[in-house]
Amino acid sequence: MINIGVIGFGYWGPNLVRNFSNVSNAKVVAIAESRQERKSIILKSYPNITVYNEAIDLIKDPKIDAVVIATPVFTHFELAKNALSSGKHVLLEKPMTSKSSEAHELISLSKRLNLTLMVDHTFLYTGAVNTMKNLISDGEIGKLQYFDSTRINLGLFQSDVNVLWDLAPHDISILKHLISEKPVSVNATGISHTQNGIENIAYMTINYQSNFIAHFNCSWTSPVKVRSTLIGGDKKMLVYNDLEPSEKIRVYDTGFKCKTDEEKNRILVDYRVGDIYIPKLETKEALLGVANDFVDSINQNTEPIASSALGLEVVKILECAQKSIRLSGKEIKIDN
Amino acid sequence: MINIGVIGFGYWGPNLVRNFSNVSNAKVVAIAESRQERKSIILKSYPNITVYNEAIDLIKDPKIDAVVIATPVFTHFELAKNALSSGKHVLLEKPMTSKSSEAHELISLSKRLNLTLMVDHTFLYTGAVNTMKNLISDGEIGKLQYFDSTRINLGLFQSDVNVLWDLAPHDISILKHLISEKPVSVNATGISHTQNGIENIAYMTINYQSNFIAHFNCSWTSPVKVRSTLIGGDKKMLVYNDLEPSEKIRVYDTGFKCKTDEEKNRILVDYRVGDIYIPKLETKEALLGVANDFVDSINQNTEPIASSALGLEVVKILECAQKSIRLSGKEIKIDN
Amino acid sequence: MINIGVIGFGYWGPNLVRNFSNVSNAKVVAIAESRQERKSIILKSYPNITVYNEAIDLIKDPKIDAVVIATPVFTHFELAKNALSSGKHVLLEKPMTSKSSEAHELISLSKRLNLTLMVDHTFLYTGAVNTMKNLISDGEIGKLQYFDSTRINLGLFQSDVNVLWDLAPHDISILKHLISEKPVSVNATGISHTQNGIENIAYMTINYQSNFIAHFNCSWTSPVKVRSTLIGGDKKMLVYNDLEPSEKIRVYDTGFKCKTDEEKNRILVDYRVGDIYIPKLETKEALLGVANDFVDSINQNTEPIASSALGLEVVKILECAQKSIRLSGKEIKIDN
Amino acid sequence: MINIGVIGFGYWGPNLVRNFSNVSNAKVVAIAESRQERKSIILKSYPNITVYNEAIDLIKDPKIDAVVIATPVFTHFELAKNALSSGKHVLLEKPMTSKSSEAHELISLSKRLNLTLMVDHTFLYTGAVNTMKNLISDGEIGKLQYFDSTRINLGLFQSDVNVLWDLAPHDISILKHLISEKPVSVNATGISHTQNGIENIAYMTINYQSNFIAHFNCSWTSPVKVRSTLIGGDKKMLVYNDLEPSEKIRVYDTGFKCKTDEEKNRILVDYRVGDIYIPKLETKEALLGVANDFVDSINQNTEPIASSALGLEVVKILECAQKSIRLSGKEIKIDN
């Protein structure tokens, strides 16, 4: 039995507590939360869970084996470092940290102490992403050519990080999960419509050595909600629309082939448009998959799907994107 | 009566001939076309129109007052220069020319000779763009904040220009028509999936002095066809979906307002989501509007909506985008 | 303070308990439920609520002022009669009863004892129906001409009532709420694809003295879920799509006008297609509106929106429909 | 070479002439049309086709082998009878005739004279209907259980026939093409919102000996255009949406299975929701298929797909529907 302590009972914390309660060999024993109105909700819903006012007291509780950190990103590093140093396994909310150097340090620490360090990239545990992963692994899509994601809606403006740090981690983690090639560099542009200068609209391109390309369109300022990704391979193409209740993935038997027209010395392109296939997806809650993977990784000393290495990659890309925006869209190499 | 000569009877030429035939004070008297199978179609459909094998013969025909050029972009400059020099008014297909220097030269020539020079940016004559223009002019949308366009589908790969030169002129011309602020610079990224290195996917950001931003997502490699633009103002927001048969424009009474939370020293944002309004649009054919504007501009010596100045701006932006792609997304200043 | 007892804690009971808990001057004090696994859920979630094994014990509890009956329809009459006879106000799940004679008897009883009797036609308390009601009352739609409802999906086959009794009460109650004209007769057809002969697909027309018509298409056997109603007036037309998350109501400035072509002695029709308007709807939970209306009606001795008279009308129409199906679609007059 | 004469050059006639012009072993040699403005269009577009003022003169023209009749339905019988009697093969626009007795007589005549008699049920030649036919024939859908069609939009009100005669022939012909079981009876209801009493909204159920059912919802008075049919089998279900540009057919691996719960003596139903498949459809013009089938049937003395027998069945059902509406929805047996 793994005893879990959850730090932060704001927007996401209750979901974490509820899902960890459904993991067979784990138990939420404590929550750290300082806001009075949030504490009273815990007391009402979970009378048997200890409530700490201070995170540090939860971290030091010897009953606790593993700590789940669901607080604002700027607090992640200190809390996780403390928890690891206290011998606790750690699950961090996404994004992992505010700086890649911090993520590096946490990874080193977890390795040295042989503790599980994982990041809650929930989307990697959805039926939709799992289906795409299988389609790609099975070779059905062919060699990947592009990944084009749009994640826009109205609000919620964050006051400490820009729209890429808020919305893109979902899509970057999916990208990293689906394609193994390492990205080379990042370009990004964006704009702020508030006085604090934090971008509420931003666009990012991730460049690769091969002719694969990834692009991200993120906004807190759209009148319509869109959560959609196009993924093209040289055999088939995918559309992933996360707002569809049941038809999230569409597989298009669509493609093109180039041949050289010797005579005219130019490229001729043949197009193919075929059937469309909408696979039935698993419907179990993704966050339960996160919780199970965390506990299993601890118990079996294995690497979870949403590994700290993947979490670090996400932070590195966001860091480059922010730098690129500051430098007017300049290409920023990713330090690999 | 303005006598019109049309050069090129390929994909778009027939539409031009058909629409100019419906202009009251104009007449298509000649077509230049060298391909035998295209010529036989002209002969069958328009037995009374003279067919020239060579464009130059049409240009020199003294009966002809105005020349419409519907040939590949790399031929535009020479043909238009010839036509203007021969005292003919000129309507050029979009994009105006391959280089901004050429567009500059044509504009100078047309001014010196007091001839009408116009570019067929057809979308400026649609009911949808006209409605958006009016909504913005009337102040209903407020101060514009962003323009975010997606124009993707499968094919047709061009063999001489990349996807931005092919697809973005529509959206850039609309942008230029809707917002008077001059753009400052361009960033672009892209990728080619063919051996000729011509980008079939490209992304472009246009930057402004104010906090307005414009972004363009263009692809010949998408399994789904999308032709959609989001336009945000500080009062309302618009979605323009050109694939909708009748509901192309949706006006959202949606917005946000910032205030400073003195105590916590941070921005607070209030969101507003209200009614949606779908205006009925004019349904007359846009190309007829182009034809009428061309003939009226000649007769009244006025500037058409799709002016050569606007055509030049489009070419300048495309030129910067191409340079930016070559320089790994570097910001390229627009020479104003 | 009104003390509420809820009979039945199956699918809908928990929603009733939760919503009555949010009514300021009411309190759920007891629940009657005999299934062990349901009882344990009550005990866990509501430790302060008394649980009765038998409905009759709850009805007899003198603390209780009002009884909410959320059990299968065939039990409604006996339970409600008992409750009213014991001096309790009653809220019945829809449909009110299995027979109109039973509904009549309950209404008489409630009137004699001056008790509130209400039916939980939840849809009457939604923002969508409220908006339609206002649009119609304000004369914006004009004289109503038709109501055409489709409510289809896969499952859940009921084992005691056919698909009309299961799905149509929602739409019939909306119809009755929106139009005051009394219906005259009913035609219905249907089919069963199970051995029990209970129709899983059925179609119903309700006829009126005027040239208003209402039609209902209900199915448990559709691969797609549809919950949509078209409502036409002689000024404007409405589409109500309940599956749209926020754009449930669309108002079309669409219509037609007839004139007589004297010469040819025939009708000429002019069509009008104008703007579309999507009003922002209230988003508060409809069932809370039901709970509040029930409590207010008790306290103020007024008639609730979802009155017993309306509930009776729904049952009468369903009864006629069932008879019509049995008689091969024969028109069945409604006994008014 | 079959010489074709076309009677009527109104809305549909030009499409017939254009498509018969593309049939290899046929030629349109004459058109009968009395309206001056229509005649001038023929002269301009088809200078080589003879134009007759009177249909009878075209019918008597000895050059002509086959007559295509594209005039209002009340004229079909006399024209077709004349043409057959003059030894011409006949293609009639849908619906075949105003009365089933007339259709019977034409069929007898064509058989006696060994002439081809065909009805232009164009939809039978579409890629969508062809794909559905194959899916059903291959057993993929299983035993058919229902056919539920909606064909609604605004206008065009007809002045001689009601909305069923105008819109339902498409769907009835598709139904007859897809299912071989003979229908037994018809119920229909409807309403007129014009002074001439002709129904602009109507609903029809077709009943069968088995537990198959077909339903039709037709309206000239809808603010939205819908052309959609649900077809359910005991293995899979289909949705046919004719307004989708390329995704007209969706095949749902959806179904349900009943078993008897011995203990509780009731039916238990298991639902299955699986993948969805959108087959790529042929895109050739359906009317060309009609033209080719007509000419081939003449040349090879075979029965066309859109046979006169099928055309008669459509008229018989419409006749029953009209009678049922007049008799307040009474079931009308189809005379087989």
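Every chain is named by a letter (A, B, C and D) in the order it is written, and numbering of its residues begins at 1.
Following the convention adopted for this analysis, a contact is a pair of C-beta atoms (placed from the backbone, for glycine too) under 8 Å apart; a residue touches a chain by one contact, two chains touch by 3 or more.
Bear in mind that the values here come from a model prediction, so they are computed numbers and not experimental data.
Listed here as common contacts of chain A and chain D: no chain. The chain with its CA mean position farthest from that of chain D is A. Inter-chain spacing, taken between the CA centroids of chain A and chain C, is 44 Å. Distance between chain centres (mean CA atoms), chain B to chain C: 54 Å.
In whole angstrom, the spacing between the mean C-alpha positions of chain C and chain D is 39. Multi-chain contact residues of chain B, defined as those touching 2 or more other chains: 273.
Contact between chains, using the touch rule, shows up for A-B, A-D, B-C, C-D. Listing the residues of chain A that touch chain B in their complex gives 145-146, 148, 150, 152, 154-157, 159, 185, 187, 189-196, 198, 201, 203, 205, 207, 211-213, 215, 217, 219, 221-224, 230, 232, 234, 237-239, 250, 252, 254, 256, 258, 260, 266-267, 269, 271, 273, 324, 328-331.
Contacts from chain B toward chain C in the complex involve residues 246-247, 253, 273-280.
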